[in-house]
Amino acid sequence: MRNSFGNRITVTLFGESHGEYIGAVLDGLPAGLNIDLDFIKDRLNLRKGEKEFSTARNENDDFKIISGAYNNFTTGSPLCIVIKNQDARPSDYGDCLTSLRPSHSDYTAHIKYGGFEDFHGGGHLSGRLTAPIVAAAAILIPALKAKGIEIGSHILRCGDICDREFENVKEDISALYSMPFAVLDSTVKSKMQEKILELKKEGDSIGGAVETAVIGLPCGIGEPYFDSTESMLSHAVFSIPAVKGIEFGLGFDFAKTTGSKANDAFCICDNRIITSTNNSGGINGGISNGMPIIFKTAIRPTPTISKEQNTVNIKTGENVKVAFSGRHDPFIVHKAVSVINAVTAITLADLLSENYGTDWLVK
Amino acid sequence: MRNSFGNRITVTLFGESHGEYIGAVLDGLPAGLNIDLDFIKDRLNLRKGEKEFSTARNENDDFKIISGAYNNFTTGSPLCIVIKNQDARPSDYGDCLTSLRPSHSDYTAHIKYGGFEDFHGGGHLSGRLTAPIVAAAAILIPALKAKGIEIGSHILRCGDICDREFENVKEDISALYSMPFAVLDSTVKSKMQEKILELKKEGDSIGGAVETAVIGLPCGIGEPYFDSTESMLSHAVFSIPAVKGIEFGLGFDFAKTTGSKANDAFCICDNRIITSTNNSGGINGGISNGMPIIFKTAIRPTPTISKEQNTVNIKTGENVKVAFSGRHDPFIVHKAVSVINAVTAITLADLLSENYGTDWLVK
Amino acid sequence: MRNSFGNRITVTLFGESHGEYIGAVLDGLPAGLNIDLDFIKDRLNLRKGEKEFSTARNENDDFKIISGAYNNFTTGSPLCIVIKNQDARPSDYGDCLTSLRPSHSDYTAHIKYGGFEDFHGGGHLSGRLTAPIVAAAAILIPALKAKGIEIGSHILRCGDICDREFENVKEDISALYSMPFAVLDSTVKSKMQEKILELKKEGDSIGGAVETAVIGLPCGIGEPYFDSTESMLSHAVFSIPAVKGIEFGLGFDFAKTTGSKANDAFCICDNRIITSTNNSGGINGGISNGMPIIFKTAIRPTPTISKEQNTVNIKTGENVKVAFSGRHDPFIVHKAVSVINAVTAITLADLLSENYGTDWLVK
Amino acid sequence: MRNSFGNRITVTLFGESHGEYIGAVLDGLPAGLNIDLDFIKDRLNLRKGEKEFSTARNENDDFKIISGAYNNFTTGSPLCIVIKNQDARPSDYGDCLTSLRPSHSDYTAHIKYGGFEDFHGGGHLSGRLTAPIVAAAAILIPALKAKGIEIGSHILRCGDICDREFENVKEDISALYSMPFAVLDSTVKSKMQEKILELKKEGDSIGGAVETAVIGLPCGIGEPYFDSTESMLSHAVFSIPAVKGIEFGLGFDFAKTTGSKANDAFCICDNRIITSTNNSGGINGGISNGMPIIFKTAIRPTPTISKEQNTVNIKTGENVKVAFSGRHDPFIVHKAVSVINAVTAITLADLLSENYGTDWLVK
């Protein structure tokens, strides 16, 4: 199915940036999972990032679970969650598509959907659709945590400014828990934010990278060939707009090294088999090995900028120069942090259910 | 389904490294697709790489299509292709799993399958299983070519030695067509090969990277959210053993740049809309934009090496030092080139069929 | 996915009988399909049946398409349609499940969902959920009709009172088009209705059968083994509550006859290959043969009745006698007519798209 | 996927009637399931029926498991089972399709596959393909039995001759266990067989019906809407060639009765909730209720007969009269018994795994 993800626990996404509602259907949940509405609200708030570094669009993200829950417990029926678009302004985008935003989906969606797409603000292809993803994941995250599985991400890079990498993964994840602008080294935060404000002033945007860690995932999760942990996580992560790269463990640095240096030696430690290094990022042969899952995600700079650019007016068929004026984000990496955590939670919940059925979510 | 890939055209993989047969079922093919047996044979031969730089295992890869074809045309029924393992030597691996190969799937498979896995040479998780993937893709590649869609990959990097990147993509793809050790800059080949032989002598292995290009893919392929072109390609590519990273277009370099520099300006050229740069790697908003698809894949060094390593004997539960003696590859990146081309072909054939149905394959 | 149907065009259903909304997500639609809101309203009204013979629950079935459409054309993104429950009265069902309605899903849902189900009026398992199915189908029916494919159903039987079978299929379908109590022989209508009112008075209900015909379906639709036209239609039809049997063409009468009598002879007629009889109900080897598809569906009497019955109080664990007092239908077969038409439309649209892609819906 | 069935445990079928091999891939099995090769052989033998009443084609059904098993235990990887066609005689069917067998898939497959189908003996659409289904099910049946779930079917009807229905279901299933011509009332066997031989002599065939019972299925299996137990079983059963009807419990007799008569009263018996009658055939609201599952299947007479029939020669485009001379079955209902048991086992194993994961198969 085109707009669904997951084999055992499935998310189907719907809605448009400037429509009345956006939402998701979460199917395959067991009955009896307690839903924490405040936690969902918190996660939606975190996704908005710090206001100063984000779009001027003002959305409360008021959500409503319209099916699949009764007295704040899942019923085992499909759970539909809807979020109202309160600050939609389709008129910002005019009556029809004119100048294509470079590197945006304006053009590809227009060709794919033959002009029938709801082009306002990217329509279905907007980053706004990540809100229901975050809401859906917020239903699963407490169940993962109850099994000792925790997920954390931070802004590893904003242009040339880098955060430190994960060190003590458990502590680092805890520290990141409710940061709207998540960095491990607090000294880099202001540097990044200065950079962003500088670019915002110039009408430009800047890219970055996110590092994600997962602890507590048992050994044996993921399928060899096709539904490997890396395949499923990358599938989910690349569905987030603006993601252009992913690497696990050493990632592209593996290309430069030898087997004898890259291999993670096994050893017995406290009667458990662990590896003395974690270059593999917690995955061998596509299957989790019990060490922390570590991956990095590359995020392109937001394509919508107000600096003047060369492009094409698709209505007139002419080369034009345009500076876009709508509301947009100079930086989306701090928001991507929430969404990467969300799709990671959904993917791991799905892979765990592939192994164990779904009862683990409630027992 | 755990061991299948694709929504419209589906590949299901089966077999073990040292079993009697390995194979694949290709389902969803239209009737009337001409099958070129020689081309399949060629592609299987290419996958073996140059002998000197590969495993000593000697496989003819004799294949047989046992269903779904009649007089060398597809019938529209599921096509099953089997390849006999002729040089299987399960005894090389002993009676049961003992010392875990560091960074190999020995351990994760053992935990996942509770000791019932066929552990000889990795069993189902072996790189040997990429042979039926290559065979299945070789049925689709001529149909893609007939539509003007061509795929090529080269060894971008072997340790510190780098090939040049794609320049004139069409010509470059042609040049790579039947190279068993595919590089664009012929001067780097001998340097890479010397490096590999040196590491082979030391009982070590080395990693690398592959760059892949696709030309002729029309604009509009791929789905927003979840089944984006990047999601589907990365899903397929990460199912290849040893892949640890993927990036599209500028990839991780997007993290360091601004929107104004990274954006690909649209322009009208010969009455077609193209982009003047291709930093996006041919994909905007998860949907192909008509420019070449460009991506890079990171390949870890083969974990099986004959140098002594620290590990655990899972039978005795003791920390041990071991040097592995089985047949293995000092370098797999030249073989990965074939497999990446294969999964790219399968993924694109599937995504095209999502848009157009499957009749394009035969018309 | 548990609560979805269809491979190419997929319906995901959500909602509960006495929740705030019920709805469906329709995914896989091409962009540019014109949506006729009045037609959707008409179909929803027809589903309600004639008031006198139906539940006293009073629902307007006001619906809203909250995504996937713009200016009454599909955008190619998932289309979500929601229907407000206006006359929900969960209090009719008490605080918790007590006496199990015999032959109802009260018990099976309670065991399946461990007491977390929304049991009011059957919750997700209610016939109320057929409304979004009818709405979703009403988006596809005009596209099928534009290709010459028409679907009609009538009440073949109400207890012992039988309607005539289809004769001139095309005319019969037209005649049935907007009948809320659909019969081919107008003289049986009042007999059936008298019977129903009599049973209603007694606090009882009555079963029946529906005959369905489809014309215009081209030869070649359906897959051999597993996704045969019969497999897919029966899968869809059995998802309608109260359906307990289905037969195609002669159906169970095939059991009594010989090959020489049952076979449908092929003949050339007006340069087309047709069959001189249609005992096969338009399907050979699971694939449509170009003749009308004909099938019959058995519908059990509504299990909820107000006559006293023996049952168990699941709260106290005692055998009890109960007469149920909620609002319910003495007869649902006239309403099932709409729903069978709807799932038939969805199934055939999906199977056609398997053959042709989805562009046929808009071209 | 077109030629696969099942969500958690998936069967993919391949092969043609007169090709070299037929087979199936069974995916989703847990590791550690013991495979009883003799039991598979027994079930394949039973499927052949009693020789005198079946096709003259002589197949040993020698099978080989070529992947997914090691030392007769499943490994958790896809299990591929192949069966060699030893008595294939494609020359019986000539060089190309000429006279269409009435009510056979000759015509529909020809149109669907545009003349590229392997038409010999029906190719992929042949009843021969039920052999790998039976083999695949024989891997699951012992695991179901270990959980107390047993499946049995008998020839309920052959033309006008009827067997008695199930009474003491457990005993009846045991009695049917290894009958190649399965009837409950031994006195009807010879009557049926006389009838069949009489029709065979006339070059004709005869239809029939099968009744199936399942005991031991726990309450709570099956999903409301779309993947109901009835939807999934009917989907699977209609994939068997020649099936034209299915009914659960009272089935079409529900149409003639009232709620008060049809409802199955709940009662407490030995501290368990059961129903005092089983008109519902063990399913309420699409979900199993713990009582025996009971359904009946209508089987059409084999369309291939040697009596003269009117048909069309598709090569010449002329109306012709033809008597077919190949090897065929005068009666297939005794063989259908095995196949219905097989698809029932596969479907229930899949539905159980939907509820519980797949570990129940090995624990």
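First chain written, first letter: the chains are A, B, C and D, and each begins at residue 1.
Note that in this section a contact is a pair of C-beta atoms (placed from the backbone, for glycine too) under 8 Å apart; a residue touches a chain by one contact, two chains touch by 3 or more.
Model, not experiment: these values are computed from the prediction.
Within the contact network of the assembly, the step distance from chain B to chain D comes to 1. More C-beta pairs touch across one of C-D and B-C than the other; that pair is C-D. Chain geometry summary: the mean Cα position of chain A and that of chain C are 39 Å apart.
If you average the CA atoms of chain C and of chain D, the two centres end up 26 Å from each other. Inter-chain spacing, taken between the CA centroids of chain B and chain C, is 46 Å.
Along chain D, residues 2-4, 13, 77, 112, 124, 224, 355 each make contact with two or more other chains.
Put simply, chain D touches chain B in their complex at residues 1-4, 10, 12-16, 19-23, 25, 27-28, 31-32, 64, 66-68, 70, 73-80, 82, 112-114, 116-118, 123-124. The part of chain A that touches chain B in the complex is made up of residues 1-5, 13, 100, 102-105, 107-109, 111-112, 122, 124-125, 129, 157, 159-160, 199, 202, 204-209, 219-221, 223-228, 230-232, 234-236, 238-239, 241, 243-260, 262-268, 273, 275-276, 279-281, 283-290, 296, 298-305, 307, 309-312, 314, 317-319, 354-355. Every residue of chain A that touches chain D in the complex is listed here, in rising order: 77, 224, 353, 355-359.
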